[in-house]
Structures are given as C-alpha cells and as structure tokens.
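Order of writing sets the labels: A, B, C, D and E. Residues in every chain begin at 1.
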Amino acid sequence: QETIKIGVTEPLTGPVAASGTYVTNGARIAADYINQNGGVLGKKLQLVIEDNKSNPREAVNSVEKLILKDKVPVLMGAWSSTFTLAIMPKLTEYGVPLVVETASSSKITTAGNPWVFRTSPTSAMEAQAFAKLIDGFSPAIKKVDFLSVNNDWGLGAAAEFKKMLEAKGITIGRTETMTPDMTDLSAQLAALKGTGSDTLIVTSGIEQLTLAIRQAGEQRLPQRIITTGGSFPEPLLKNPGPKGYASQHLLFFAPWAPERAKHPEVAKAFMDGWKARNLEFAGQTEGFRGFDAILTIAEAIRVAGKADSAAIRDALWKVQVKGANGDVAFSKEGPAGKESGQASPNVYVVELKDGKVSVK
Amino acid sequence: MTFLVCVLGLAILPLVWPDPYMLSVVASAGIFIIAAISLNLLLGFTGQLSLGHVAFFGLGAYTTSLLSLGFDVTLWGMSEPLVVDPKPVWLSFVCGIVFAAVAGWLLGKLAFRVRGAYFVIVTISFAQVMRMVALNWVDLTEGPMALNGIPALTLWVPGEGVIDLVTKASTYWLVLAVGVLSYLLVAAIVHSRVGRAMIALRENEVLARSVGIRVTHYLGIATIFAAGIAGAAGGLYAHTVRIIDPDVFMFMFTIMMVIMVIVGGKGTLAGPVVGGLLFGLLPEVLRGVVSPEIQWMIYGVLMIAVLVFMPKGVVPSAGNLLRRYSARAGKTPAPLARRKTA
Amino acid sequence: MNVLKLEDVTVRYGATTGVNRLSLEVHEGELVTLIGANGAGKSTTLRAINGLEPLAHGCIRMDGHVVSGASPAQIIDRGISHCPEGRRVFPQLTVRENLEMGAYRRIDRQRVRDDMERMFDKFPRLRERVQQVAGTLSGGEQQMLAIARALMSRPRLVMFDEPSLGLAPNIVEQIFSLIQEIRREGTTVLMVEQNAYAALAMCDRGYLLENGHIVSQGTSAEMRANPEIRRAYLGG
Amino acid sequence: MSTLNATPALELDGVTMRIAGLTAVDNASFAVPAGKIVSLIGPNGAGKTTTYNVISGYMKPTAGRIRLFGHDITGMAPEQISQLGLVRSFQRTSIFSACTVAENIRTALHLKGSCGVLQALLRTPRFRREEASLRHEADELMAFLGLSARADELASNLSYGEQRLLGVGLALAAKPKVLLLDEPAAGLNPSETESFKEMVRRIGQSGVTVLLVEHDMHMVMSISDHIVVLNYGRLIATGSPSEIQNDPEVIRAYLGSGIERAEA
Amino acid sequence: MQHTLNALVLGSTYALLGIGLTLIFGIMRVVNFAHGELYTLGAYVAYAVVGMFGMNFFGSLIVAAVAGMVVGAAIEYLLLRRRDLKAMDEVMLIMIGVMIIMQNAELLMWGGVAKSVPSPFGQEPVVLGAISVSPIRLFVLVTAAVLLVVFYMLIERSRLGLAMRATFQDKDAAKIVGVNVSHVYTLTFALGSCLASVAGALLAPVFVVTPTMGDLASLKAFAIVILGGLGNLKGAALGGFILALVEEFGAGYISTAYRDALGFLVILAVMIFRPQGLFTIKERVG
C-alpha cells in the first residue's frame, strides 16, 4: 500500500458550501504539510473528499461511498450537527472512527457512539471559555439579548450562554431567531432596539453575521455586539459598517495574531499553506478546523502503527496533538462503556472596528 | 408481464451482485422513487402540480419517529403533559402513513378551490409551514436538535425470531417491497373509474363536473393516497437513516421528486420509476468523477437535455419510438404508451 | 388576375393528412366559398394560406409571388387577414384591446381609431361592451369581435372561417350583408361557411372539399344546381 | 299549456342573475314539461348561456328558484345536479383533449358506474363486470354519434365539427333525464344538422326532456314543442313555433327577415 | 414607526423582485425557478464591476441590465422557443435545470464565500428621530417605485405590452393578427431577466452576495406574484408590500421565529378566501 486514505465528507455545494470548503482546504493543507514532512508510517496521506451537498441524505450516501468503495479506515466530517448525526449509525455499522471538526450539538458526543471524536467545542464549552473573559469588558455586561439562527447550533449556543450568564448574575433580555437563509433582519433588529440591554450575542454563519452587524449599524442599535461560534464576518473587512461601530467575535483561531497561538509554529505552517493557496484571509478562522482534525487523525494513525479502523480509534484516545488552535486531546463523554471523545479548544476575542481587527 | 419480470429482476439483484454500496445507493434512491410514484398520482393524473409534497414525506417521517421513540408534550391549555410511550415500529410506521394521509386529506380540503399556479403556491406554503412547526415546536420535535436513535424496522423470520432490518440487502428488499406495493396501488387506482375521474379533472374540470364527476372528492382521494404513500416513503427514510430533523422538509427533496416524475414521464406509471432510477443514481455515478460543482452542472445539463429531446419525458418518448419501430417492422403496435395514458 | 393561387398543397398533422394536393385560386374582388363536411380540410386550407401550417408539398402564390414558407406577419403585411374558427379572441384583453390587436401591423394610428369607430357602428353590441374582458362576452358577441378584429387590418383579402357560427339570425343577415358590402368596396373574400345555402347564394364561385381535396367547383349557380351538392350539403 | 297538472321536468321561478353590474338574466320564469323539447332562443348576449350556467349550478342566481321535477336545486353544485339527472353541453367546445374519443366517452359514463377506490384496489368481480359493461356502452354511444371510426384518435386531433359532436356525446353519456344543449349544431352543415336533428328527436323520444339553445331557426322551428324567447335577460315571448315566428317583437329583436331563409 | 419604515423598504425589494417575475411568470406563465439565479447574476456583476474593476456602482447597474438581458435572451432562445409553454411543469423543470447549472457555475467561479459590495452612499444611516435607515435602502425604494411606474406603463399602456399579453393568452391568435411571436417571447423573457439582474445589482450593497442568495428570493417572488394575481403588476406590487408588512409586524409583535411562517400563512389564507389571487377576476364558464 502506497498511501493511507482519509475520508472527508463536507458540504461543498449548497447553502453552507462556503464553510465546508474552508474546512476542506484546511484539511488539504494539513495533508500536504504532513506529506512534506515525511508522511505517516512512511506513507503519504491521501484525502478522499466527498461533497455531502448540504443535505443529510447525501451525507449518508457519501459516507457509504467512502467506506465501501474507497475503503477509508477513518473519516473526518461532516460540518453540521444534522449531517454528522445522520452518518453516525454508519460508523457503528462499519466500525470506522470519525473526527468531527465543526458540529456543536451535544447529542453527538452523548448519543453513546464510541466511534465519534470531536475536536470542535460544544457551545457549553465556548460559553465557559467566554465566562473567563467576561470581566474584561468595559462598560460591564449587565443585560444581554440574543439573536440566533434557528438551528441546533444557534439555539444551543443561546441556551448555553444564557445558563452561563445567569449563573454570573447577568440579566437575560429578549431572544430573537432567524432562519439561516434570511437576508433582511430588520424586523428582528427593530424588536431588539428598545430592550435596554447593553449587549447582543449573535450566533450564525458568516453571511448572516455580516448582515446582522451591518443592519444593526444602520438601525443604530445601541447594544454592543458579540458573535459566537468562531465565525468571522469577513465582508466587513473590506466594506465596514457605519463609522465607529465595533463588534467583537469569539474565535478559535485568530490569524491576525498567530504569535498568540499556543503553538505558533503550527499556526504559521497552516497560515503559510493558506497563503500559498491564495485563499481569503479571514477564512482561516474556519479553515483551521480541517487542519487540526487531519493533524489529529494523522497522529492517531502514527500512534496506532497501522491504518486500521479499530486501532485508530483506540489511538485517538491517546493522542496529544499540537494544533493551530492549541492542544488536542480527547476526554470521555456520554454513557459509560460507549463514550465518545471530546477535545477542549481555546477561545480568542477579536474586535472589529472600521474594517480593522484587533485581538484582545 | 414486463412488470413481473422487472420486479423479479430487481428482487434477485442483491443475490447476484451483493455490492453493499450499490445496494445502499439504490435503496436510498428507491425511497425517493416511492415518493415520486405518489407525487405522480397528483401531478400526472389529476394534473395538480404539488410543490409541497415533501410535507407528507416529512410528516410520515416525524410521526413514525416520534411514536417509535415516545415523547411528552404539553399541549396548549393542558396542565399535565401528554406522555406517549414508545410504540412498536411497525405500528408507528402505519400511523405515519395514516397521519400523512389525513394531512393530505386536510390539504385537499384546503386547496380544493385553487388550481394551477395557485395550487403550487398553496402546497409550497403548506410545506413551509410544516417545516416551521417542526423547527419551532421544540418540545415535541426537538426542533433543529434532531430526533436520533430512531429504531430500525423489524421482521419476524422463522427460526431467527424478530430481526432488525439493518443490513444493506434487507433495507433494499424492504424498500423494494414498499415500492412495488405503492406502484400496484397507484396502478389499480389509475386503471379504474376513479382514475378516469382524476384524469378528467386534469383535462377539463368544468366538463368533468357537468358529467357528474365530483372533482373535489376525487382530488381528495388522490391527495389522500399520494400523501399516504409519501408518508410511507418518509417512514422508510426515518427508519433507515435513523435520524431526522426539520431538513426532511427541505424544498430540494420536493424538487428531486418532481425531477423523477417529469423526466420519467408524468402520467405514466413507469415514469417515476425510470426517472427515479436515472436521476436518483446519476449523482452516485458522477461522484468522484469531477469536482462537485461540475457534477451538479452535468446533472442540470442532462436534465434539460432529456426534456429538450424527449419533451414528455423518457417513458412516453421511448414508447413512441418503440411503436414507430414496430410499425416499421410490420408488427402490431406495442401497447406500451397506450396503456400508460389509459 | 388571381390574388391567391394554391397549387397541389398538402398539409399533414403527423400521420393524418389535413389537405391533400389541393389547388384553388381566388381572383381580385371575388367572393369565393369553400364548403365541405366536417373534417374535410377547410380550416386547414385557410391556416395554410395564413402561414400557420407548414406545407408538406405544393406552393402558395400571392399576386404571382411564392408566399409558402412566409410567416403569418408577412402574410398580413401582404394584405391577407384571417378570422379563425372558434373565435380565438384574446380572453383577458378588453374588447377595445382586441380590436387594437387586429390593427397590430398598422402604423396609421389615427385611421385605426376611425376604423374602430366604424366597427362599433356596425356592431353596436361591441360598443356597449368596450371595456369588458373578451373572455366574458357571450358566444355571439365574441364572434362579432373576431370578425371586427379581422377587418381592423384593412385587408385586401379577408378569410372568414364560419363567420355566422353562433350568431342570431338577424345578426347572420347583417354579417352576410357586411361581407357583401366590403366585397363591393373592393376587398376580396375567401369564406368557409357551413350555412352552405346562404354562402353559395352570395358567392361568385364555390369549391367543394372532400377528404382534403377539391371534388367540385363552379360558379354560384352551377354549384347550387349540382344535384350531389344539393343532396349532401343543402339538406335536400 | 296542457301539462299544468303534471310536475314540469324543469321549472325556473323568477331567476335573476347579476354579473359585474350587468343583469344577464332578469326575473325569468318558465317551465319545461317532462318529455318535451323546448327551445330557448334570443339574440346574442341575451343571457341564454348564463341561464344554463345558473340551472346547471355553475352560477348561483342572485334571486329566484330552480326546480328539477319539483325538487329545488337552486345553489347546488354542478356534479350534484347532474347526479339528479340534469346534464348540459357547452357552447365553447368542451372535451378531454389529451384523451382518445373512446376514453372521453368512458370518462363521461362516470355516473353509470358505482365502483369506488376499494373495488378498484381489490379488482373485485363486480369491478370487472362494470368495466366491461362501460366499455360496451361507450362503443354503442360512439356508434350512435358516428364517431366509431375515430375511437382511438386523440380528441384534440378531431376537426371542429367532430369535436362539437363529441361534446354533445359526452353530455349524452351522462344519461340525463333532462338534457340542456347549448348551440349543438353550430359548425355543422345543413345536412349534418338535419341528421343531428334526428338524433335529438330520437333522444327526445327515448324519454329525455330537452332544452335547446340554438340559432339555427330551421332546426328550432321544426323540432321544438315549445319556445321561450329571451332578450336582454328578460322573457319577451313564449309559445309554439308558429306563434313565435309571427311574434313581431321576436322578429324585430331576433329573427329579422332571416326566418324566410330558414324555412326555405 | 421603525417597523413601518422597515416594511416599506423591505416591500420595495420584494416589489422589485416581483416586477420581473410578473413578466415571466405572470404573463408568460413560465414557472421560472432560475429567476433567483438572474438576481444572483446581477449581484455578482455588481461585485465584479465595483469590487474588482473599481467602476462606479451606477455603471454596474447598466452592466447588470445588459448581462441579464443577454443571458435571459439566450435561455429563451435555446430552451423555451418552440416549446409549448402550457406544459407548465416541464418548462418549470427546465428552469430548475438552468437554476442548478447557474448556481453551481457561480459557486465554481466565485466560491461560496459571501462577497460584499460597498454602498455608493456610504454606510452612515439617515436618522430621523427614533428611526433610521441606510441611504442605499432609500435609493432602492425610489428606484423600485420608478420601475413600477415604468413597467406598469409598458405592460398596460404600450403596444408592445398589449402584444405580450395577447401572445401568451393565445399564441395562434397572436400570429394571426401578425405578432412576431418569437420576438415577443424573447423580449419578454429577456426583459424579465434584465429586471431580476438589476434587482440583484441594486440590492448587492444592501445584502451580501452568495451563490444561494437567489433561492429565497425566488420563492418570495413567486408568492408575491401569485398573491397579487398572475400578470397583474399593481397586484404584485401590493402583494409585495402586504407580505413585507405581515412579516415585519408579525415579527415585531408576535414572534420572529414564525416570521416566515406568517408570510406563508397569509398566502394560505388569501388562497382560501380569494383563490384567484387578490386582484384578478374569475374566468367564465360555458
């Protein structure tokens, strides 16, 4: 055998294609990076990438193909919680481990599927990380509104952040939701305008974050805007909102300050690869997920000593990976005996004002 | 006759070519072919273009999933939550069909006054509202958090007891069985007085009423059966994918069904099956050949090409060709295309 | 001089033949009628002349020029107008708009308005209904509108396909005298009419179609005297 | 009229229909005695078709009542009314275009059948028997209409006259007790009209009550037992054919001098 | 107040989408699922022209208009000509094919990442007491109003508009009176596409540009055109504003979670009580 295959299923077409493509590019960079440094077990890594078309049925089909036709021993994917949950029965059926790089639903690791290892944080973890930074804000956060996309991620994040804020004695104001494809948020923002809160926590994808921040500026929303989930409203870099209007973003990777990463050399390797491929700068805030996930898988294969599914799974429990975000190591979650793996990443706060970014 | 041969051929496929990937792909397409067969009853025979067909698919899926998993929900005006224990899968599956059929009947009632483009928008709206409900009634449906751990359908096998239908071949046969049943059901309806009444509605509603055909009644029957079968397809989807979320109400799913029906040839019995096999399997054929965007573009181009060169769909055009060929060969005309429009 | 000449014209609808090797001619200023049983090919002939059906065989000439293959618009520009069977008014347009459509190829807008007034004088019923949507007119009102629309293009030759269809007896009379009137004013008329008696009485010449071709022709008197025609088409 | 004591097949009582500010039918009352052929005539736009629409349930009258064999049918749906035995044909040609002639007729025989979905699904013996008998009846009716040779032709491929004939055939297929015909002979030539007239007469003789709207005076005068004349929605005359022919108001509003030609 | 203004502004974007579709769907009866793709095309044209070549935004509107016209004409010429438009669903499917092709071509060319186009008026909102609105949105409002009037005149008052309406009511009869039917087909489709494209370019600075931005736009546009009654431009405009009002106030006073559902519920209600849309008359029987 010349190469070791890793299956990747990501949304490359359809509504969430942008993020899926970022992650896939991150994965490609990782594979190249490893191969340039001698590969794993003396063999080169080969990514087999399939499009899950932003659709759970296609996610299942793509995984069937990767496992049955390409015979990949390990998988990475599938971006959203729905797609991930849809393919999870297949993992048990065929006994193939999956490293989940993005999905945030708590169900993924609590469903009792021992083939699942998640590198991305749950919303609860993100909220806890944010809790540590909360006192750094001035003026202080006293009352918080929410604007969330109404999927598992947005609603889950709102719920976890509320829990955390309440524990800190902070008042919860109004909560508004939006469908992922909504472009005009004026009704939601108008409803939030008069709540008297000082902070608005927004959870959604890049497009909607951009629209929300811009339209909030247009409607002169008084709240300070904080976004969660690691997405960054990249279009605001080139076309900033109204002057003086600032927003803050919880990120897991901040390419504006790679030196602040726990392993700057790894972060730099990732960023170099990104640059070499001529990709959008801000996309690195999402792309690193694919990079770290592949590094993790490669490390597991090395520890396992062979490209065998069960061995890789056992090895995943032992890995200690230096990733772009920081250290990746898995702890157990879910019902005893059938635990899934969950890593705990680092969080950065980044401020965007007049098209300029500063890392806090 | 041809039909029996086809069914037998499909039935022994897993024995002669037990490639699990192929089987899973065909089964997955099969689920949508079943939905397309049901859509054809509405679109092809009553002439009502429903772009909300996925609503019934989703309702079937949610009903059977919720019943087989059990749920508790506080209804408006109730002090005690309503607790429903998990039910046997097959019972849930049947309930899913019934519930979808009831919803079909309801939509039939609701939409009985509108036709054409207006019917289209009513059905789209209905599906959208269903999706919003699934998304926002978190107490019941878990909303976007998805229902997972849905049990598989079971079968009692002599000697082995009750087994879960999870293997590729068993899923395949399960889908095939439901598919054949749906096909026969639609065929029986269409080739009857009831079917003629439906076609009359498609052709000229005013005239149909004047000869005593209660069009709303037959439109109702058509929607009930179409919705019920779509509900069965949804149930199969839920019990094979084993997780559902409001995405089962995706507009794209309706589009997929419509593609299968029209490309195959609406108003013909074999149309949705042929169209479904072609365009259900096409994505898998294209997978990995070129980049994903190009795969889609090829898909679109082929779709247009079929309709440009075979304006009525594959089955009627093939039927015409066959007839012309046999006419030239001096044989009796093949009854293929005829039978379909009867 | 013949305005219109059909030579060996064949029109096919897939496997069926609409008209088969049909030849006829219409002279300047004449009123010519086509009669024949249902499905004989009368309407098909008019549609072929109008450029609506492609010819499988044969040739159509106008003023000596070959016009087979020309588009309906070109045919109209040559001065032929067609009042089709089954009325074919534009159902969602008002009566006025339908008449405007009749003058679609004309550019003399002022004269168009005058002509419209003339049509209203001829069909007072239409004036009462100017703003009504044509689809809601009664059958006979629609027929009047179709006739008026055909005359709005100021044709040199006008083809009527069953103009009396669905009209009250007194209106039929009016229509027939209108047709004779426009003919007197110099317009050539080619008419398909089921009311064979009246049609043959007012025409100069007639043709009898059967199964897509001409089986008999002659002057008005000859046609009426033909015993076969009397038996088959005049009801005794 | 001599049928005063018997219940008329169809009876209109002060029927008024206003559409978009226009009174298309204005307080019309008349009766059609059972087993007779009655004609409804009047100038174009007089409201004849509208009257049909009201009778057959496509329009709800603004005022007035309609009775079928003494049974009030005002405001019922068309399909209910045809079930009660009143069927109409259409002035604008109405057929099932994409179906063959035979299929058209079999579809129109709907009321003759009774099998529902259940029988269809189970293919019961009764279902099979019924299908066979419908097929047979359709063949007979096509023979009656003279369309047997066209049985397998798509209806849209028929010529205009044949389509009109088929349209009447469809109404007949519904086995009416009262048949409303709206200009059935339009598009037929005199000899065809003649044989069509015979057909209507035979239909009348078979016990069907016929109400006829027709502009062919030759046919109307020779076939009708009784004539009703409408003008601007109002009843202006009723009577026997000879009475109507000589009614000055009818002549002025409708017949003109054309009556002579019709008689010729 | 803010809600009313928002509804007005949102309604104008809906109306803008509705005009083009009124031509293609309302008059031509083509269930044009590619309408949203032409909208997207316009937006990308604006992005390319403004963002990449640094041209003026208003110039980009013209480029978008031309691009929409050309692409629309090409689609009509290649795919719709000689087809029986009465076969509504087959034509619809062809347009779905076009949609799939165009959307993925955009994805291939531009990537899935959202692009944004700078507003020619800057980002500073216009503030009037408690309410504020961005100047570009006011511009959209005005443009929509102007286009509505222009196209109303075109469809209802001009000879061309008359020919368009006539042609799609009865193609054969239109031929008989001498309309060059194929020109009318091409022109109608091209104009409708052009409007969609202009709407996309116009709204590009308001929203962000992505390959899937047309999906929701299409659906909304359909709802609006049907709500107003097919082929009725006034109805479509009003339908747009009604939908916007319902969404805006429903979201403000009932629940944002059901904002979209409210819109669809209104459509359901209208269809139940006035099945032929708000502003059309029934056809006659017999």
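We adopt the following convention: contacts are C-beta pairs under 8 Å (C-beta built on N, C-alpha and C of every residue); 3 or more make two chains touch, one makes a residue touch a chain.
In UniProt terms the chains read B, E = Branched-chain amino acid ABC transporter permease; C, D = ABC transporter ATP-binding protein.
These numbers come from a predicted model, not from an experiment.
Participant: Work out which chains are contact partners of both chain B and chain C.
Facilitator: Both-contact set = D, E.
Participant: Could you name all chains that are in contact with chain D and with chain E at the same time?
Facilitator: Intersection of chain D and chain E contact lists gives B, C.
Participant: Comparing centres built from CA atoms, which chain ends up most distant from chain B?
Facilitator: Centre of mass proxy via C-alpha means gives C as farthest from chain B.
Participant: Taking CA centroids for every chain, report which one is farthest away from chain E.
Facilitator: The chain farthest from chain E, judged by C-alpha centres, is D.
Participant: Roughly how many whole angstrom separate the Cα centroids of chain A and chain B?
Facilitator: Distance between chain centres: 36 Å.
Participant: Between chain A and chain C, what is the gap in Å from one C-alpha centre to the other?
Facilitator: 74
Participant: Measuring centre to centre with CA averages, how many angstrom lie between chain C and chain E?
Facilitator: 42
Participant: Taking each residue of chain E in turn, which ones touch at least two of the other chains?
Facilitator: Correct list: 104, 107, 215, 257, 260, 281, 285.
Participant: At least two partner chains per residue is the criterion; list those residues in chain B.
Facilitator: Residues 135-136, 206, 293, 296.
Participant: Would you give the residues of chain D that are in contact with at least 2 other chains, written as numbers and ranges?
Facilitator: Where chain D meets two or more other chains at a single residue, that happens at 20, 49-50, 58, 90-92.
Participant: Which pairs of chains touch each other?
Facilitator: Every pair of chains in contact is listed here: A-B, A-E, B-D, B-E, C-D, C-E, D-E.
Participant: Over in the complex, which chain B residues touch chain E? Could you list them?
Facilitator: The touching residues are 43, 49, 110-111, 113-114, 116-118, 120-122, 124-126, 128-129, 132-133, 135-136, 206, 251, 255, 258-259, 262-263, 266, 291, 293-294, 296-297, 299-301, 303-304, 307-308, 311-313.
Participant: Can you list the chain A residues touching chain B in their complex?
Facilitator: Residues 12-13, 50-51, 53, 55-58, 60-62, 64-65, 68-69, 81-82, 85-86, 88-89, 93, 105, 107, 111, 150-156, 179.
Participant: Would you tell me which residues of chain D are touching chain C in their complex?
Facilitator: By the definition above, chain D touches chain C via 19-20, 42-46, 48-50, 91-93, 157-162, 165, 183, 186-194, 215, 217-218, 253-259, 261-262, 264.
Participant: Could you list, by residue number, the parts of chain C that touch chain E in their complex?
Facilitator: 50-52, 71-73, 76-77, 82, 84, 88-93, 97, 100-102, 104-105, 133, 135-136, 149, 153
Participant: Mind listing the chain D positions that touch chain B in their complex?
Facilitator: Of all residues in chain D, those touching chain B are 56, 58, 77-79, 82-83, 87-90, 94-99, 103, 106-108, 110-111, 113, 115-117, 119-121, 123, 127, 130-131, 134, 170-171, 173-174.
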